[in-house]
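Take a look at these structures.
You will see two complexes here that share chain A, one where it goes with chain B and one where it goes with chain C.
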Partner chain A sequence: MTLLSIKNLNTAFKTRNGEVQACRNIDLDIEVGQTVGIIGETGCGKSVLGMSILKLLPYNARVTGEIRYLEQNLLTLSDQAMREIRGGGIGLLPQSPSTSLNPAMKIGTQIEEGLVLHRKMGKPAAKQKAVDMLTFLGIKKAKKVSEQFPHQLSGGMKQRALAAISITGEPRLLIADEPTKGLDAIVKTQVVELLKQLKAETGAALLLITHDLKVAECLCDKIVVMYSGEIIEMAATQKILKKPAHPYTKGLLQSLPEAGMTPIPGQSPSLSQVISGCRFYDRCEIRQAACRYQRVPLSVVNGSQVRCLYAD
Partner chain B sequence: MYRYIGKRLCLLLIVILGVTVLTFTLMHAAPGDMAEMIAISRYGAENLTTAEVEAIRLSEGLDSPVMVQYFHWLTHMISGDFGNSLITGEPVLEEILIRLPATLKLSFAALLVSLVIAIPAGVIAASKQHSLMDYLTMSSALIGTSVPNFWLGLLLILLFSVTLGWFPVFGYGGLRYMVLPALTLGAGLAGITTRLTRSSMLEVLNQDYVTTARSKGLSERRIIFKHALKNAFIPIITVIGIQLGHLLGGTVIVESIFAWPGIGKLLVDSIYARDFATVQACALLFAIIFVLINLIVDVLYLFLNPKISYQKE
Partner chain C sequence: MIRDILKNKMALSGLLIITMLILVALLAPVLAPHDPYEQLLEKALMAPCWDYPFGTDEYGRCVLSRIIFGTQTALFIGLSVTVVSAFVGVGIGLTAGFYGGRFDEFLMRIVDVFLAFPGLILALVVAGLLGPGLPNVIFALALVGWMGYARVVRGAVLAEKEKEFVETARSLGASDGYIIFLHLLPNIISPVIVMASIGIGQAILGAAALSFLGIGVQPPTAMWGLMLSYGKDYLQSAPYLTIFPGVIIMVTVLAFNFLGDGLRDVCDPRYGKVIEE
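Right, the complex of A and B next:
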């Protein structure tokens, strides 16, 4: 069953220097319980995609298209109804644990809020549940920690506290925005374990936004590769890692340390740049004359969805 | 905690010493012969004799070097004797204590007025950024800050006292007498506080933890009051503290306009009369209040920002 269905999503920001289009014609389905990874370099629009789903973008954002969660189109939903979805239907595990917790509020209180709101718990019950959740997520002396403020916690503990917050409303979809950004290998492994644990506990689907292919490989059923605001390839995890079809995906895999760290030459185009043809044209090794001006649709090549005229 | 407060109180002594030296020097550096000015204040400028001036010079010790005069004053002050007014001959401390309540009343009324206007206005402007409401609030705040309070005071008197007759023109008495001076003094403060509240709120509302709060599905009201306001208050409290200090300066002008019998008016009158015993005591009082307010603000941080702890755990 399809949990979340995104159709022709476009997200643009009005800025002084013109319109920045961060997401272009995104089509994406997430099944119940499925883990989908969105891969791409910094600035490719993957975090904006996540925030578009939750409608947590700044005021200058304009989102068009359709985001269907179960039977509701989130884009036409009222603020009130959208708040029910946030936390209750779709949870967020935010980027950068060090700044994502309120510095002036006790950890326990920050977890309780969601419990009171979505699970209609009383204060004392929510308090106990918050401690239980922290314990479950591997925090020792959870009772004491719940009485502490964020600055008294280590980075890993903050991440666990945020993980607890993200599942307080028993969401059916969890959006994890770069959960391993800037972490060392050991902590990264712990976060991967944490995400597995969250999934096992809640049975929720997971939309994992990351630039780390290894992390995506460990967790995801399906991988979506984004480039300059567009989805350029989408397939089952093993399929994409073993037989990438798009030249960008191939380049991405070759730039991994174990593949010899061969970089892709050039830089991705600015998101405000209007390009009539393929957005990867300037950096592509197999480009042809047609790629320059012809709009490239997503098409099925060997079972993968690929946005390339000459993919094999 | 207590040790910290003790330390701050020790610093207070140094500040006080500095302030007294400064006012003493300035008073003596002011143009005109001090003994003569005092004589004029006491007996009037007409038929003033040299003998009278010299008598004052001797009796008030103005003939000794300034250093000696200062230490003379200082030793008396430490034993609680602030001396007598050079004009009325009344003890200075008594005069100040009589007038202090009037100034405190006016200052706190003005602060209250400014906060009641500024905090809601700033919060609303921030939560509805780029709306008409926001622009209106910010323009009024700009006007509030820019208008000098002696002018605003006169305008308010013209409108509310002379034309409408709602409030008395000047004087001291019940609540009705307080409205215009408090409004005059509070308006300028409100402007600054509104702008600060807005920018502080906006900064906080852009923080990651507010996004986290939103992602929980909390209502905008809860996000603003439970999550943002407390964090936004830290810079606001600092500025309110500093403002309270400046309020005392503001009372000097506003008390003069509205003939409000407070310390500010006393200070102005004493400066004109070169009643340096009174000036000295008033300046001292302002300094002490200023430092104490700053201390109170720093202690308030404890309750707002859990990261600050003044004691070693």
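Right, the complex of A and C next:
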């Protein structure tokens, strides 16, 4: 069953220097319980895609298209109804654990909020549940921790506390925005384990936004590669890693340390740049004359969806 | 929290003095050696002696008793002015900072207009128009005292609302009101507390100034500021008329400042705590 269905999503920001289009014609389906990884370099619009789903974008953003969660189109939903969805239907595991907790509020209280709001729990029951959740996520002395403030916790503990917060409303889809950004290898492994644990506990679908292919490989059923605001390749994890079709995906895999760290030459175009043809044209090794002006649609090549005219 | 306040020497000394002042205000009828309003002209302008420790004023009233009863007036004015102006200022600052845009622009221009007037003059005009009386003085002083809170709170909210914990709260489905009052307010309250403590002292001084200019609290009400302004005519011959009220005003303002500084330290969640495993 399809949990979330995104159709022709376009997200643009009006700025003084013209319109910055961060998401272009995104089509994406997430099944119930599925883990989808969005891969791409910094500034390719992957975080914006995540925030578009939750409608947590700055006021100058303009979102068009359709984001269907179960039977509702989120883009036409009222603020009130959207608040019900946030946390209750779609949860967010934020990027940086150190700043995503309220410094002036006890850990326990911050976990209770969602329980009271979405599960209509009473205060004492929520308090107990918060401690249980922390214990479940591997925090020792959870009762004591729930009475502490964020600055008294280590980074890993904060991450766990945030994970607990993100699932308080029993969301059916969890969006994890760069959960491993800036972490060392050991903590990264812990976070991956944590995400697996969260999934096992809640059975929720996971939208993992990351630039770390290794993390995506460990967790995802399906990988979506974004480049300059567009989806350029989308396929099952093993397929995309073993047999990448798009030259950009191939380049990404070759830039991994074990593949020799060969960088892709050049830089991705600015998101405000209007390009009639392929957005990867300037950096592509297999480019042809047609790529320059012809709009490239997503097409099926060997079972992967690829946005390339000459993919093999 | 309370233990932290008691551990902080500044806060503790301020708190002790303020507690003493409150006790004095409540027990004024018991503590005062004489009736603060009884005029005994034959005892006018007596120097401090055993019967009148702080001397008597030009109408023969006991200065000590008047200072003791003045505590009531001072604390009442100080507290109510501060509560009203902090309430209004924080409310305006929170909404302006949180919603931003034209709304913020509009509110801040109102603040600018109020700041363009010299505070005391504006209070003078308002109190003059409304006529004498304690409620009018409080209104006038609150009217010129809220802008500081609005400014400080707005600035703090502008910084806080961009932090990621606000987004976390939003991603959990929190409403604007919930975020403003439960997430933002606790994070910006420290400067408000510090301002409020100093504000109480300022309000006491402002009320005294209004009284001195003949607008506001009227004689014969026992009030420190009034005593100062009447005593100034006898600065040479009877300096105790101004010294004692002056000292008590200074001590009071100092006590509130100490308390404010101490509270600011204690309110900071990082204060005096070690990371425990």
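Here are some notes:
Assume the second predicted complex is superposed on the first by the 312 of 312 C-alpha atoms of A that agree within 3 Å, B and C clash if a C-alpha of one lies under 4 Å from a C-alpha of the other, contacts with A are read in each partner's own complex, and residues count from 1 in each chain.
Following the convention adopted for this analysis, contacts are C-beta pairs under 8 Å (C-beta built on N, C-alpha and C of every residue); 3 or more make two chains touch, one makes a residue touch a chain.
These figures come from a predicted structure and were not determined experimentally.
Because the two structures share chain A, they can be overlaid on it, and in that overlay chain B clashes with chain C.
Of the two partner chains, both chain B and chain C are touched by A:Leu162. Within the superposed three-chain model, A:Lys242 lies out of touch with both chain B and chain C [touch as defined at top].
When both complexes are overlaid on chain A, the residue A:Gly114 reaches chain B and chain C alike. Of the two partner chains placed around the shared chain by superposition, chain B and chain C are both touched by A:Met105. Counting contacts by the rule stated earlier, residues 54, 56, 59, 83-88, 91-92, 94-96, 99-105, 113-114, 117-118, 149, 151, 162, 165-166, 168-169 of chain A appear in both its interface with chain B and its interface with chain C. Within the complex formed with chain C, the residues of chain A that make contact are 54, 56, 59, 83-88, 91-92, 94-96, 99-105, 113-114, 117-118, 148-149, 151-154, 162, 165-166, 168-169.
Residue ranges on chain B touching chain A, taken from their complex, read 129-130, 207-209, 211-220, 222, 226-227, 230-231, 304-307.
For chain A in complex with chain B, the residues that touch the partner chain are 54, 56, 59, 79, 83-88, 91-92, 94-96, 99-105, 110, 113-114, 117-118, 149, 151, 162, 165-166, 168-169. On the chain C side of its complex with chain A, the touching residues are 101, 163-165, 167-175, 182-183, 186-187, 269-270, 273, 275-277.
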